[in-house]
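In what follows, chain A forms one complex with chain B and a second complex with chain C.
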Partner chain A sequence: MLKTLKKYALIYKVFVKNCFIAQMEYRINFLFANTIEIAYLFIKLLYVMVAFRVGVVINGYTPDMMMMFVGSFTMMTGFYCLFFYSNFMNLSNHVRNGTLDLLITKPVSLQFIATLRNVDFGFSFTNVVAGAGMIIIAWSRMDIPVTPSRVLVFMLFIFLGIVLKYAIFLMPSLISFWTVQTAAVNQMSTAIWDMNHVPMHIYGSSVRHVGTFLFPVFVITNFPPLFVLDRLTWAHMVWFLIAPLLFLFLSRKLWNVAIRNYSSASS
Partner chain B sequence: MRLHSMYLKTFSLGVQNSLEYRTNFFLNLFGAIFPILIQFFYWRAVFTSSGQQIVFGFSYNQMIAYSVLAVLMSKLIGTTFQYEIARDIKDGGLNKYLVKPIGYLSYRIFCFLGEKSVQMLVVLALSVIIMLLLNAWLDFPVNLPYILLFLCVVPSALMLNFFIYYSLSAVAFWFTEANGAFRTFALLANIAGGGLFPLDIYGPVTKAILLALPFNYVIYFPIRLLSGTLTGPEIAAGAMMQLVWIGVFAALSTLLWRQGLTKYIAVGG
Partner chain C sequence: MIIEVDGLSKSFTYHKKELGLKSSIQNLFRREMQTKHAVSDISFSIEEGEVVGFLGPNGAGKTTTLKMLSGILHPTSGSAKVFGYTPWERKNEFKRQFSIVMGQKNQLWWDLPANESLFLNKCIYEVDDVEYARTLGELTELLDVKELLKVQVRRLSLGERMKMELIAALIHKPRILLLDEPTIGLDIISQRKIREFFKYYNRDKKTTIVLTSHYMNDIEEMCDRSIIINHGRIVFDGGLNEVNERLGHKKIMKLVLSEPVEEWVLNQVGEVKEFKDTHVKFVFEQSEIKKMSRWVLDHLPVIDFTIEDIPIEEGIALLYQSGGEKHETA
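Right after this comes the complex of A and B.
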């Protein structure tokens, strides 16, 4: 078990290095990827700005708290683009062009190489840095004590969020094994993800429950800051520990079903 | 081929194009539900929490109506031809138009109008339904004269947006990879035009700057007109400014394209 993990860690390190070298070669693309993300960041900041300009407590959230939630959303978007986004988008290309054949022959797990092969630095850099910045600024403005336990659990929650994000958002991409074209599905899942532009408590209770339990997109970006603000209930905390495992299991099952539908396109 | 039938053909090409990719269009429209949901819940929370009747000069129902219409309007005027033009320039697809008896500009305009005419019917029908719903639900004022005036300025907004992006597309003559710049520009132009939030949320200086830019005549002005918050002279001035900006960008695009074509290397012979 440990040996396998070590092997995969080593392979992943090679992937990261390889992607970094490849992307540094196309510096202009890297630059433009960043300008696009800065424009998106601007949109996220507008939501915070409106909260500050109105200057009232919105559904129990002060403008500083809003900034922390938007920061968490920004950072998670960054991590998603860094590790998963380009892989998930590529999946339908692999299915359409039959290039998955090549990956099947590799002596590693197919799901591993098909969904984690690319690491995208261009689209993620701005978001991770700006998101972390917003969280830190909000944290210090609210005078929340910086204790090791709080910081560690926060980081653990961010990690759990990344795992959960992988599990949830892989599933819509897997539809490509049946439909080949997934542009519309991907657009839809991005639109749902974007509902995290504002804290989950802004929404009505039915929308909130769907986003917490059925398709837990709110969990990913809301629970880490909720924990820092001491507003996370025990029940929610337990759910945050279970959900990544549960959805990872479900997405793995779906992967196994989906892969049976693969009919090598070219040969 | 007679002149007008040539343009009619191009127009119908655009119509056919939009009918062919109708699923895409409807899914795109359906995707608009989510930004509308965000805006709706966000403003509802802001208004109930602040306890004020008026926020940023908008009443609650005006703000909701603005947000919904702004999302629809951005969908309606949105352009994608700049990516096609960039590809034509990069891969040498422009060659075939250079020898055809139709100008590239007029080809693009009529194709664009054809494509938009179908979408416009759908979006406008949807807007009317939504306005009637808002009227029943939130007492949003529905005035026939304003609707008619709105219908008069929408074509100008469409043409203005066309010329802005047609000018922008000339950038592809100088940079082969222009898509990143296009996307960044589109996002910022949408914000500056009031496609996300009304321009009134900004401070007076920022708002004045944004009002001096052409983008607000594409989204902000038509919607303000429709909500009945503009006076007669303001409407006249706005409509005039639309025409002025169309002229400016038409001139700019001619200039840029003339310069750009000297750089064109007709890849692929």
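Right after this comes the complex of A and C.
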């Protein structure tokens, strides 16, 4: 078990290294990608700015709290783009062009190699740093004590959020094994994800429940700040520990079904 | 036996698409599904160290067979064992022992120098450092690409890239090497070099090689045994020089006439393969040589004539044509 983990960690390290070298080959593209992300970031910050200017409290959330939610959302979007996004988008290309063929013959998990092979630095770096910055600023403005346990649990929640994000957003991309093209489905999941840049309590209770239990996007970015603000119930905390495992299990099952449907392509 | 295949079949379903916009709109609501039998009930076995070539026209089922042997595709029915493993169960112990190279697909990272991709394969196949250095040294020397290891793959020529692909496939010393059109698109010199490399590698390492190609030369030079496949069925299994025997010892007679004759006259003689002005080509049974020669010399204005064996290419073309009906296996 430990040996296998070590092997996968080593392979992942080579993936990261290779991706970095490959992306540095196109410096200008890399710089542009970051510039575009900074521009997007400003648009997102406008939401917070408006809240600060007006100074309104929405459903019990002060502008500082809002900033923490936007920060959490921004950072998680960054992590998603960094680790998963390009891989998930590529799945339908793999199916269409039959490029999964050679990956199937490698003696490592196909899911690992097909869904984690690309690490995209261009579109993610700004978001991760800016998101973390917003969280830190909001945290200190609200005078929330910085205890080791609180920080550690917060980081654990961020990690669980990344795992959950992988599991939930992999599933819509797997539809490509049946339909080949999934651009429309991917658009939809991106739209659902974007609902997340505000605290979930802004939505009605039915939306909140669907987004917490059925398609738990709110769990990913809402729960870590809710925990810091002491607003997370015990039941939610337990759900946060179970959900990543449950959805990882489900996505694994769906992966296995999907891969049986792979029919390669002309060569 | 290192590979045993028994009654393997694979069919694909797909929907028909007629020409034009109207049918695209109809397709949105109702699709007519069709089934294509890519491989139908094929059986063969291969011993360790053999070099076997799959020969056949486009769409014959060569690549599909190779994909099933490597576990990429699940068959519709039948069984196959490679080192005792069922390929499509995709066990890691199985995958460590073979490699597949596809002339039209690459595993090297496009923007990186080849050595970075090779190192990734080293990690994936868990090759130890000393072994890796030795194998890499040996292969780069043999293929004469030592200087190119640090060049980005996208800057390499097709031939150079193919050589790098081969190194990537051989870095873990597989016992079986599956090659799908390995020389496709290469110039004649590169083709020859790659063939020579395979021949040497097979002799030196006793690696079993199974390759598909529609270049006759690939098969003729490298393989002691060929499996000719057409319409998903095996139509011939044996040495290429035996193709003629399988065709019933047929011969070709080429004639040059002093003046053109009517075609019906020629048809009286036998099967006319080609007929242009004064040049005629017949195919006939070896046993009829005497009778045919006598008749031709007596009745036609012959100024020159030769009797030859059917060239292998033509023999194979004859097999292709008969593939639809003829299902014999050796």
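Methods note: the second predicted complex is superposed on the first by the 266 of 267 C-alpha atoms of A that agree within 3 Å, B and C clash if a C-alpha of one lies under 4 Å from a C-alpha of the other, contacts with A are read in each partner's own complex, and residues count from 1 in each chain.
Here, a residue touches a chain if its C-beta (ideal position, glycine included) is under 8 Å from a C-beta of that chain, and two chains touch if they have at least 3 such contacts.
Since the model is a prediction, treat every value here as computed from it, not as a measurement.
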Chain A as common anchor, with chain B and chain C clashing or fitting: fit
First (chain B), second (chain C), both or neither touched by A:Val14: second
Chain B versus chain C as contact partner of A:Val146, first or second or both or neither: neither
Which superposed partner A:Ile242 touches (first chain B, second chain C, both, neither): neither
Which superposed partner A:Tyr203 touches (first chain B, second chain C, both, neither): first
Chain A as apex of chain B and chain C, Cα-centre angle in degrees (nearest 10): 90
Touching partner for A:Glu25 - first (chain B), second (chain C), both, neither: second
More chain A residues in contact [chain B versus chain C]: B
Touched partner set for A:Ile58, first chain B, second chain C, both or neither: first
First (chain B), second (chain C), both or neither touched by A:Met155: neither
Which of chain B and chain C A:Ile136 touches, first, second, both or neither: neither
Least Cα gap, in Å, left between chain B and chain C after the two complexes are fitted on chain A: 9
Interface residues of chain A shared between complexes with chain B and chain C: none
Of chain A, residues touching chain C in the complex: 7, 10-11, 14-15, 17-18, 21-22, 25-26, 98-99, 101-102, 104-108, 110, 260, 263-264, 267
Complex contact set, residues of chain C against chain A: 12, 63, 67, 70-74, 90, 92-93, 95-96, 98-100, 102, 104-107, 109-112, 116-117, 119-120, 123-126, 152, 180-181
Residue ranges of chain A in contact with chain B within the complex: 28-29, 31-33, 35-36, 38-40, 42-43, 46-47, 49-51, 53-54, 56-59, 183-184, 187-188, 191-192, 194-195, 197-198, 202-204, 207
List of chain B residues in touch with chain A within their complex: 23-24, 27-28, 30-31, 33-35, 37-38, 41-42, 45-46, 48-51, 55-56, 177, 179-181, 183-184, 187-188, 191, 196-197, 201
